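What follows is a set of structures for review.
Each of the next two complexes has chain A plus one other chain: chain B in the first, chain C in the second.
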Partner chain A sequence: MTAWIWAVWAILHKDLTREFRTWERLVAMASFAILTAILFNYALDRTEVDPARIASGLIWMTVLFSGLLGLGRTFHLEEEEDALVGLLLTPIPREALYFGKVAANAVLLGVIGGLLLGVFGLFFGLEVRGNPWALAGVMALGIVGFTAVGTLFSAISAGTTMGESLLPLLVFPLLVPLILFGGRATALVLSGGPAEALGGPVRMLGAFAVLALVTGGLLFRYVVEE
Partner chain B sequence: MSLRMIRWTALTLATAGLVLAVLFHWQVFFRVPTEASMGLVQRIFYIHAPAAWVAFLAFGIVALCSAVYLWLGEARLDRAALAAAEGGFVFTTIVLLTGPLWGKIAWGTWWTWEPRLTLTLLLWFIYLSYFLVRGATENPGRSQRFAAVVGIVGALNIPLIHISVLWFRSLHPQPVVVRADGPSLHPDMLNTLLTAMGSFTLLFLALFLLRYSVERMGDRADALVREQLHPTPGPTPRA
Partner chain C sequence: MTLPPLLEARGLVRDFGPHRAVADVDLTLDVGELMALFGPNGAGKSTLLRLLSGSLRPTEGELHFRGVPFMPGDPRVARQVGVLSHRSFLYRHLTARENLRFYGRLYGVVGLEERVARRLETVGLQARMDHRVATFSRGMVQRLALARTLLHDPALVVLDEPFTGLDLDAALRLSRVLTEVRSDQRAVILVTHDLQRGRELATRVGVMSRGRLEVQAPAHSLDGPGLEALYRRVVEVPS
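The block that comes next holds the complex of A and B.
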């Protein structure tokens, strides 16, 4: 068990080290997120709609779009010189490889999620009326579920001739629960709604994350095996 | 089962399905009473609901065959999953075409974010991605494994998607057949519905078997070509 955790940690550490040396994905995702927020400002007629009222949905859509941008590149890190084959030849279980990748992606998306909350807060004058920790928890749960699904399918799309253009088609139909309950829960916390109302959406987000992690962990081996 | 047996079974099922199809069309047009609130247009129900039943049945077969395929690695399970997916895709399309036609008159709108309608549309897209994944890989073993993963994850997600879309208030008629206090349908309506369901199920099974036998012949042809290009000592692989 300890060996297993060390393997997950090694993958996570490798991916993050590489990311923080090149800044490839974070810069792309962060600029995409901020630019989207700027475009939303012009897409919405601010005399007609109050952006603060629909911000939670916009935040989640932006997390998904910028997330796909980054998740699609998960396995491109290993594309050069068949590094993935090398990784598969190491004596670590496939699930550990998957969970390490998911963890690294979740860290990156967590950074983007935090950035997005700040940017939307700044641009559209959002304020968190509810508990900020609840907001962080909701974002974290949603992001874990999303990266668990996204990492599995990015391994699939990386193995096809269509590449990243296939990823949204594979992932979006499955993300309805995430966008619905993530959006509802975020809106509740932002508006300072009753804490009891948060229970349902949070449980659904949790169920989604657990289901996605378990199926991803079980099925990942069939995606990478040759 | 030999190919000949499969094809004969498929033909028998198709004939039975077509006979039932003629019968239920007769029932729909001449026998069944007109529903009180929605009027004549409600009769599209006898095509819409059975098609939806087959669409979800087919996806269940896809998921089951995919899961066992990953476990045992037998090519015929993958062929069965593909055959079920193609049949299911046809019936999902029928649901999506008949739904708006009915909705326009019964609800006054072509499209509404009604739970079962939304779920069916998402199911259609999951089927679509299943075919795209299969088509977009050059290595056959890999395309089969990828498709199986898509089929399984899609099926596991359907209950969650269903709960999500239910979160919105439902405009759709509530269940009328399977209920604790017995069916609330008029007996003629129930008969027609059951005939239509039987007909669609038989037609789906016939399509499924025919499609399966085509896949099997395709694999056999590939094996023969390989054998001619690179003759190996030993018996010819049999499909």
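The block that comes next holds the complex of A and C.
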């Protein structure tokens, strides 16, 4: 078990070290997220729509779109000098490689999620009326579920000739529950809705994350081997 | 009691669709041996190396490591195999030391910092240990890749065209390290197009053609022209 955790940590540490040196994925994701928020800001007619009422859905849509930009590159990073072959030759369990990648992607998306809350807060005048920790928890659960699915499908799409362009087609249909329950839970926290109403969507987000992690962990080996 | 060979392949076959890349290869490799494998492009040398190193599943046949059957992904075998390909498996944006630390963690190397320093010294890169791989020449990258290959003290070292793109000095240094590796009680299998260099390093030579390991012979039984003649005969190249 210790070796397994050590391997997950090594993958996570390597991916984050590389990212914080190149800023390759974070800059692309952050630029896209900010530009999208600006466009939403101008696209909405504030005399017809109260931005605060639809902000939660817009935040999650933007997290998913910008997240796919970064997740799509997850395994392309390993193509340089055939590093994925090198990783698969090591004795680490394939699941450790998957969970290391999911963890690194979740950290990057967590940064983007935090940035988006700030940007939407600024443009749309959002106010967190509920518990800010509950908002962080909802975001974290949603991001873990999203990265668990996105990392698995990034490995699948990296092995195809269509590459990154295939990723949204594969992933979006699976993310409908995330948009539904993530959006609902975020709206409840932002509006300061009753805590008991939050339980349902949070449980669904948690179940989605667990199911995605377990499925990803089980299937990853078959995706990357040969 | 006789110990089983370090590596044994029996009736190894690998198909890619209708194409048979490796056909019915039998091979044993013992500790202290360095086998140089020659053959024209497309002869199946690299595919055979991938099968022997456990990164590709054979279509037919059996692989045994110290007498125990294994399949790709077997961690017991992966721990004892080091692979150097013409691609380095290294990360350009990490330093030499960070790359070795990373792989050392994955192989569970004990006393990692000391081992990393020693391997960097072996390949003559200790002065550049904190420089990013992106700033390295092709020869330095290949030397660092060799350090990565030997980092976890593998019993079997698999080398696929390690001299590709190296200048004379770098190639000589690599040859020197390989000679030390062989005398270090390991088994080495080396694929190269350089017949003379391969023969000088090897204890045994083999020639592949059309997926078959057509001939194997002790390296000392052949001189330079003899090996070239054998090679031409096997691959049917007119002299």
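Criterion: the second predicted complex is superposed on the first by the 226 of 226 C-alpha atoms of A that agree within 3 Å, B and C clash if a C-alpha of one lies under 4 Å from a C-alpha of the other, contacts with A are read in each partner's own complex, and residues count from 1 in each chain.
Just so it is clear, contacts are C-beta pairs under 8 Å (C-beta built on N, C-alpha and C of every residue); 3 or more make two chains touch, one makes a residue touch a chain.
Since the structure is predicted, the reported quantities are computational estimates derived from the model, not experimental observations.
Asks: Of the two partner chains, chain B (first) and chain C (second), which one does A:160 touch, if any: first, second, both, or neither?
Replies: Only chain B; A:160 stays clear of chain C.
Asks: Regarding the shared-chain residue A:94, is it in contact with chain B (first), chain C (second), both, or neither?
Replies: A:94 sits against chain C, while chain B stays out of touch.
Asks: Once the structures are superposed on A, label A:173 by its partner contacts, choosing first (chain B), second (chain C), both or neither.
Replies: first
Asks: Report for A:196: first if it touches chain B alone, second if chain C alone, otherwise both or neither.
Replies: Once the two structures are laid over each other on A, A:196 reaches no partner at all.
Asks: I'd like to know which partner A:85 touches here: chain B for first, chain C for second, both or neither.
Replies: Only chain C is touched by A:85; chain B is not.
Asks: Could you look at A:225 and tell me whether it touches chain B, chain C, both or neither (first, second, both, neither)?
Replies: both
Asks: Just chain B (first), just chain C (second), both, or neither: which does A:17 touch?
Replies: second
Asks: Output the chain A positions appearing in both contact lists, the one against chain B and the one against chain C.
Replies: Overlap of chain B and chain C footprints on chain A: residues 225-226.
Asks: Using the touch definition from the top, list the residues of chain C that touch chain A in their complex.
Replies: Listed in rising order, the residues of chain C that touch chain A are 53-57, 72-73, 75-76, 78-79, 81, 83, 85, 87-94, 98, 102-103, 105-108, 148.
Asks: Flag every residue of chain A that touches chain B in the complex, lowest number first.
Replies: Per the stated touch rule, the residues are 149, 152-153, 156, 159-162, 166, 169-170, 172-174, 176-177, 180-181, 204, 207-208, 211, 215, 219, 222-223, 225-226.
Asks: Note which residues of chain A are touching chain C in the complex, please.
Replies: It comes out as residues 3, 6-7, 9-10, 13-14, 17-18, 21-22, 80-83, 85-94, 221, 225-226.
Asks: For the complex, give me every residue of chain B touching chain A.
Replies: Within the complex, chain B contacts chain A at residues 70, 118, 122, 125-126, 128-129, 132-133, 136-138, 142, 145-146, 148-150, 152-154, 156-157, 160-161, 163-165, 167.
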